[in-house]
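Pasting in a structure now, in structure tokens, and then I'll have a few things to ask.
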Amino acid sequence: MAERTPVLEVRGLGIDFGGLTAVNDLNMEVYPEEIAGLIGPNGAGKTTVFNMLTKVYQPTRGQIIFCGEDLAKKSVVETNKAGIARTFQNIRLFSNLSVLDNVKTGFHNSITYSPFAAVLRLPSYYKQEKELDEKARDLLKILELSDQADVIAGNLPYGAQRRLEIARALATGPKLLLLDEPAAGMNPQETEELMKMIRFVRDHFKIAVLLIEHDMKLVMGICERITVLNYGMMLAQGLPEEIQANPAVIKAYLGE
Amino acid sequence: MQFISYLINGLGLGSVYAIIALGYTMVYGIAKMLNFAHGDVIMIGAYIAFFAIMNFGLPLIPAVLLAILACTVLGVVIERLAYKPLRQAPSLAVLITAIGVSYFLQNGAQLLWSSSTKVFPAVLPSGSLQIGDLSVSWLTLITIIVCVLVMAVLTLFISRTKTGRAMRACSEDKGAATLMGINVNFIISVTFAIGSGLAAIASVLLCSTYPSVYPTLGSMPGIKAFTAAVFGGIGSIPGAFLGGLLLGIIEILAKAYISTQLSDAIVFAVLIIVLLIKPTGLLGRKLSEKV
Amino acid sequence: MTKDKKGLSALFSAKYRGRTASYTLVILAYIILEVMRASGNLSSLFTSLLVPVTCYIVAAIGLNLNVGISGELNLGQAGFMSIGAFTGICVSGRLAASVPAVPRLILAMIAGALLASLFGFIIGVPVLKLQGDYLAIVTLAFGQIIKSLITNMYLGFDENGFQFSFVENTCKLVPGGKMLLNGPMGATGTQRIATFTVGVILVLVALVIVYNLMYSKSGRAIMAARDNRIAAELIGINISATKMLAFVVSAGLAGAAGAMYGLNYSTLVPNKYDFNTSILILVYVVLGGLGNMTGTIISTVVLVLLPELLRSLQDYRMLIYAIVLIVIMLLTNNEWVRTRIKLLQKSLSGGRKASAGKEDGKEAA
């Protein structure tokens, strides 16, 4: 693996809340165009890791190196601009906006016209809005949301809301996409379609994907490498087959 | 010496703000609403006390008790009629309704008792206590004592009684409180009752200091006390107490040392500065959203 | 089907329906009122209310951008109106001899808008760090501070230039000079140059600004930050800058409205713009519907007229106003009433619904 440089490199990452250590000494990397998994029992600290990677939480210890750049001093917004986008375990859509507008907000930083241009409706406004409309609709097509473009996001069915979150995250033009339990609440058939979609997204946009998931069928089905967390510590790391055979992982999931 | 006497006067004014602020903060803590009509309950309390003393010739204590009773009933009725139907409504809708209630009370009072100012009788002892060079008016002293008593009784009530515990539970999590068998509607009524009763006490203290009674008398003390509640951290009872006292002291000191005309501007500027340093007030709890 | 709406039909698409309705309403109302006025069918009372109504509409549209679109409660809109009003009066007073009325009014409004925006920005830096009710209280405090400061300002103008003093009036003007601001007395002897036509144009300009912002990058960001602050930040939206834009534009519109208002009366006291005025404008916004500009226009007109229409009831009018306010809030927000209304609507539109669904092309979904 040494010949490839990782897109994301995490070194000795840890965070304390008050006196409580939630995550400690986590080392992991994600390589370009790979689908990686982050799994672990409930409360293992998986979402906390995502929150540190997106700088919602400031890590207490350790380094996050993204595309050769240290994220330590970057804000949430700058981290997103650097190329990390995510979805949420508890869906966070702009529920009063239409599906199309949700995706358009994702393109926020790629639009350059000023508020003055918008108020005065200068040519730059029309030009960029037209391009934006096309780009947003293309994304909706990929995530199979074209038919619902004008629906208010809050009224979408659950599975479609999860896909819309992915579309919105992709709109920010990430190099690394973090998916927090993308299949939660989906039936097996929907999960199957989601897996295909994630693979397609990876191939189409040539991005790396790191996902948290409880559905082992999905994890083992699409993740090329898996990191297992338990009690905030890294328990194992490796290929899906290795993880499945790892006695420590089995113990963590099934207990004694 | 001059400074100490200003400080004591500030404590006196602050005590009135603190008692009113308790009403705002308790209602906010439990019903999660800004009750903009609270100031007008003070006004009603002042009128009741005025008529009880002047027209019915009641002595001070029964007059105050009557005002407390009237305000308590008024507070509960307002809550039942105007706020309870809006439990599930957006907070702005409740805010506007509270403003409607405030207009209603002010204009109702104006119709019933005319807009002309009535002079509140001097029922509390006048004169002052002389300690060396320091002279403290009895009125200020009584106001401070009443405020401390109110605070002590309220703290005991909240921490020791079953209803008090239920109130704390409701302010934490109404849903969970309901599941624990607490009658949330009853608790909200109790909260309004206590807040409004306190407003009646405040009205008598306020009108003894500034002896004029008129329909919009509650507006400015209401806004100031609301500011005090936020200053201390809205939802926090010790916060309202502390915020009220500090606001009173700042106001009096600003009047004495800087400018009478600018004292309001200074009070509100201090509030802004405090909120910048402590965004949830002095004793308020930090709000954070789980991601 | 909905993709390539062009020309006229786009005006009535779901997205732009509100915008079209607002413009149409304002222009129609203007034409009707002007015709009525020309033919002498408008009472002097209504005529005197024309300019103030346009001012309140503009301030309310601005506030709706702040409260409805951006989702931040602002209890100090009157403060921004006040800044605009007294700035406008000073500008107009200074230029009275040299600039004709209409351009002077426009200059006064621009100055009022700019200064109010500047204050919006200054106060916005700290305010927008706060959230929810804490933010609301700071705007309230700000309104009080502005009122208190203007009440203590003295500004005079004579052939030697401006003289300014604070708290105490120390301006010594040579004969022919004029006090523009006079402490608690405010402005007196102002030339009344505000006109209904310019007022309506101001309303249209306010609508253009707000709608064009809403349907742009900035508007989407403002609404995204309102709906989900964390998600908005995580897709790279700078929340403070976004909220600031809404706040500053809202303040600027209030400033322009204030300037127009101030130049409609010969006297204006600083106390006019107190907490109650802020609340009044907030009531227009909430009753009209958060984020609904057409609703804001209608509710402002109705609520400014209501006390006047109730004038025959004399002393009872404000009491009735209060009751109407409470009853409307209870009716429009009560769960029980809401479900009944929805059921009623359903049974009424039962027949039409099937065809409406087809038009929207949503059936397939």
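Per-chain residue numbering starts at 1, and chain names A, B and C are given in the order in which the chains are listed.
Everything below uses one rule, namely that a residue touches a chain if its C-beta (ideal position, glycine included) is under 8 Å from a C-beta of that chain, and two chains touch if they have at least 3 such contacts.
Keep in mind that this is a model prediction, so the values were computed, not measured.
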Give the identifier of the chain nearest to the protein's overall CA centre, each chain being represented by its own CA mean. C
Greatest Cα-centroid separation from chain C: which chain? A
Which of B-C and A-B has more C-beta pairs touching across its chains: B-C
Would you kindly tell me how far, in whole Å, the mean C-alpha position of chain C lies from that of chain A? 41
Would you kindly tell me how far, in whole Å, the mean C-alpha position of chain C lies from that of chain B? 32
Find the geometric centre of each of chain A and chain B from their Cα atoms only, then give the gap between the two centres in Å, rounded to an integer. 49
Two or more partner chains touched - positions in chain C: 230
Junction residues of chain B - those touching two or more other chains: 291
What parts of chain A, by residue number, touch at least two of the other chains? 56, 88
Interface residues, chain A side, partner chain C - complex: 54, 56, 76-77, 80-81, 85-86, 88, 92-98, 101-102, 104-106, 108-109, 111, 113, 115, 118-121, 125, 129, 137, 147-151, 168-169, 171-172
Chain B contacts chain A in the complex at 291
Residues of chain C touching chain B in their complex? 67, 73, 126, 129-134, 136-138, 140-142, 144-145, 148-149, 151-152, 167, 229-230, 275-276, 279, 282-283, 286-287, 290, 315-316, 318-319, 321-323, 325-326, 329-330, 332-336
Complex contacts: residues of chain B adjacent to chain C: 28, 34, 36, 82, 85-86, 88-90, 92-93, 95-97, 99-101, 103-104, 106-108, 110-111, 219, 223, 226-227, 230, 234, 259, 261-262, 264-265, 268-269, 271-272, 275-276, 279-281, 287, 289, 291
Chain B contact footprint on chain A (complex, rising order): 47, 51, 56, 88
